[in-house]
Amino acid sequence: MLEVAHLDAFYGDGQILHAIALDAAEGERVAVLGRNGAGKSTLLKSLMNAGPRVAGAIRFDGRLLAEMPSYRRAQLGLALVPEDRRIYSHLTVLENIAIARYGAAGRKAMEPRQILERFSMLKPLEERYGGQLSGGQQQLLAVGRAFAAGPRLLLLDEPTEGLAPVIVEQMAREIAAICDEEKVGLVLCEQNIWFARACTSRLYLIDTGRIVFSGGWDEFDRNADLKQRYLAV
Amino acid sequence: MNQILFAGFNALAFGMSIFLVAAGLTLIFGILKLLNMAQGAFFMIGAYVAFSILGTGSSSFGFFLLAALGAGLIVALLGLITDRLVLTRLRHVDYHYVLIATFALMMVCNGLVKLIWGVEFVSVNPPTVLDEPVELGSLFVSRYTLFIIAAGLVVYLVMEVALHRLWFGKLMQALAADSWMAGLLGLNVPLGLALSVMVSFFLAGLAGGLLLPNQSLSPQLGDSYLLFAFFAVIIGGLGNIRGAFVGSILLGLVSSLNTVLLPDMPGIAIYVALAVFLFVRPTGLFPSRATQAEPASDEGGGSLARSRIGRGVWQVLGLAVAAFAASMPLWANEGLLFLAGSTLVQGLFALSWNILFGYAGLASFGHAAFFALGAYLAGAVLRYWPAVPFLATLLGAGALGAAVAFVVGALALRRMSGIFLAVLTVALSEAMRVLISYSPLLGREDGLVNIPRPVLHLPFAIDLTSSAAYFWFLLVTTAAIVAVLWWAMHGRYGRKLLSVRQDPERAAFLGVNVTGVRIGAFMLSGGVAAVAGALYAPWARIVTLDEVHWLASTQPVLNAMLGGVNSFWGPLLGSAVFTVINYGTRTLIGLSELIVGTILLFIVLVAPGGIVGVLRSAEAAWIRRRGGAAAPAAAAAAPGAGARP
Amino acid sequence: MSTILMSTILDVAAVSKSYGPLAVLKDVSLDVHRGEIFAIIGPNGAGKTTLFKVMTGESLCDGGRVRFDGADVTREPSHRRVRRGMGRTFQVARVFRDFTVRDNIVVAIEARRRNGGERVGPALSMAPAAEVVGEADELIRDIGLDHVRHSQASLLSHGDKKRLEFLIALALRPSILMLDEPTAGMSPSDRIGIAKLIQRIRDERGITVVMTEHDMDIVFSLASRIMVLNYGEVVATGSVADIRADQAVREVYLGKEMYGA
């Protein structure tokens, strides 16, 4: 569904990503791991054309995205949850979710209330304004909101940041379940290896803007020095 | 009894006309977080367009409505053009630049109106149906007044429903609050923003058409309505339609009470009411539910650029300029010398403005109030009490400026947002203009004339009565003040200001008293501006109400922007260049507003770093080409806001 | 009595706070001992950040008292508390974006000297004093930000920004450091780095640390005592071992898998 070939990304004169190649089949879930500053967020923003200047080919459903603005990409079914959440502070929780339905562009999508059920911590907060939520509540809402557009490929940037362990576990279950039910693909950037493993079937390692490893989780586990070298754990 | 009823009725009508203008203002602020200074000008264009459609004769009611709608549509179209040409390019820059851009737009519009429709007053009668009085109980009121009240109500209800009951409003708000995220959610951002701008402009044009009758239509029309609309919006709570509605009615009441109780001092009560209100309820009647924080800009304000060319080069250059200036009385004629002296004063004035803007991150749009304070003080002292030492007068002017800045700052800066300072300073200069025009001592509308130049009584006497002597005095004093400011701004005081500007909350957690620092910066700025004014009075030997006109307030903004607000020297350079431009275009007298507005707009859009910014980029490119290691510092020296494509 | 007062640096007594009808903190009490690392944990929305705000003066509480370093600071604004020796970081890192990394630290050091009535530098000099720059560079080296010393802070990656913010707080030489999720968004290796750093500043400089954190590896390895908050109420306070064994805490917060028994 998503094919990225030879992607370079720049901020000003500085090149951040170098010749990235990455793909995800229909409904497939992959993780991207890497140190702070490796370029994970830049990669996701490049896919949405939402920040860095980009060169290279990004294909979605075989179609070259080229210069397409981010709102058109969202309407095609790409949904990015940025690392800084970006919850609308003057809209209620329910409205924050409902507003994202306009990006569905006619696709079938989960009802806002269904989403609240799935992320049950949000249920009692329905009427609260986004700006009044705690950090973790906002994070969860940002993830929930992304499902309202009926996405076909979800791009999550560190969705577990600031979440309590129980909620992380719950989120791992829900994301896996919803993605399976609705046939949603996933590109997940994470620091939490436990969570990444629970949600995805294979992974990429990225270091200073280059893909340095790509393969399944068992292969990753077999190469202990990978972890050592690129995640420094 | 009847009189009270009648006054109440008038209050309502006046309030509704304010609201008609305030509606568009608050809409565009609520959605785009854009305080549109040009709203009044577009309102006026609406009135003129309707006038062109209607002509001066009486017309039918239907035709009148049609003309108002037509005015609305045409202004909406202008809004679309404005959005394309100006606003879209300013989506991601510090909001102050947007404020300045709309300010420039206002000047361009005013200039265009004068060019197209001339400066004469015209008046238009209401359509025949509305031109008769009706009897309400024992009261006779004009139908037209009733019509305006009804129109205000209708506009209010429509907007209330559209914004608060319909999804449309939520979408618009989402677009406004964070358009980047809205794009990620699949909302068509460019379309949505353009639409909301058009609706807001439509309202301005419509208001112009509706309020045209019974109005003396002149190019000043926009200013007065704009100011009242601002006040209404502030009293109501920024960006809130209900607030604007209630605020407008309150203002109507206050101004109507003023005419009844204080007929000798028209227009003063509104300023008093505004000040009292801000003191008691700083967040307005209906504070915004979203966080009160400033709309965040993607870009920092732009760090203060430092040249990488050696300091020695600049020092030599500076000395050369100073020597050139000092030699002027020896060869220049009176006119040229006067221009040079005025440039010095304007440079100091612009510098004082930029201490506030470039270093503390706060914009004053009524800075002329401080300048005039100093000018009138010095003028009055020199005329009436010539025994007072002039240096003491200068110091006194500085102290007075700082004291007034303290009061205004204490009122406006209690809230984190700088927008209130912007508006309150405008109010201050307007209130001062009104006050001075009442004062016989200060010469009312004619100003203070024949101000004598002082003699300094140091241990030895220095006679400054000749132009040459006073020019040298100006040069030395200005240089001394600039030197002290340069030292302060480049040292730890400057760093402290800059840290508060970038992130007030973070700064508070360094133990910095943010409100205190901001008020302090405002006092410094106001004090220096007043000293500039005090230096100016004996130089020009006349001080008039022009010194408090809002055009006078734009001068330092313009000079600072032209030179570059991200540089200490920018305002001074800008003043010099502006003098040259003025000198070159002096024959085009009638077009000054248009020209100045266009230049300002051009700078904000094309070179927000001003001349210094352009120089810095050129310098960086030059150094790069020469293969100088592309030090990381180059990134920091890039011209700040608006640099991103 | 006096020894208890001596060893208590921060004392929060029966603090409550509501937003409209919603009671976010209900009679929360805690006392932090000088030199300890005190962790506050709890599910999302439990009120940790709100409690932080009340303790740091960012917002004021409706009822109860906050005493810091022997003085009642319940109604004092933040900058006063900072001058008494309280430092903090934010949940979303905040730094001076237009300054370089070094200038960020320099303004912090200068602010500290000013607050303490110390000489900030030579009276007429414009450049920061040599000692100030030296101290800044040392701190920067210490935390491993040397490679970005001259970069503009807004260009730093998420994790580096967080570390810079940490450094700004540290530069104030606080007697107590309030850290709201200090390692959120950091890679595992950086987390360990920060944890070591927290440990070190406690050991070497005797700085008391109050922190909230959702990474239990960090909390369990660092904290001398842990307080658990749920729905604005204190559920439990105790040592690491106490909390790990607490069934209620396991249910509302820890979960079963990630930190499996």
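Which chain is which? They are A, B and C, in the order written, and residues in each are numbered from 1.
In this text, a residue touches a chain if its C-beta (ideal position, glycine included) is under 8 Å from a C-beta of that chain, and two chains touch if they have at least 3 such contacts.
Just so we're on the same page, UniProt names per chain: A = Branched-chain amino acid ABC transporter ATP-binding protein; B = ABC transporter permease; C = ABC transporter ATP-binding protein.
Just so we're clear, the structure is a prediction, and the values are computed from it rather than from any experiment.
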item	value
Pair with more cross-chain C-beta pairs in contact, given A-B and A-C	A-C
By mean Cα position, the chain sitting nearest the middle	B
CA centroid of chain B to CA centroid of chain C, Å	42
Chain centre separation in whole Å, for chain B relative to chain A (CA means)	44
Length of the line joining the C-alpha centres of chain A and chain C, rounded to whole Å	30
Of all residues in chain C, the ones touching two or more other chains	155
Chain B residues counted as touching two or more neighbouring chains	635
Chain A-touching residues of chain C, taken from the complex the two chains share	19, 42-46, 48-49, 91-92, 155-160, 181, 184-190, 214, 216, 252-259
Of all residues in chain B, those that touch chain A in their complex	170-171, 173-174, 177-178, 180-189, 288-291, 630, 635, 638
Residues of chain A defined as touching chain C within the complex	11, 34-37, 41, 83-84, 121, 125, 132-137, 139-140, 158, 161-169, 191, 193-194, 231-233
Contact set on chain B toward chain C in their complex	300-303, 487, 490-492, 495-496, 498-499, 502-503, 505-514, 631-633, 635-636, 640
In the complex with chain B, residue positions of chain C that touch it	56, 58, 77-79, 82-83, 87-88, 90, 94-100, 103, 106-108, 110-112, 114-115, 120-121, 124-128, 150-152, 154-155, 168-169, 172
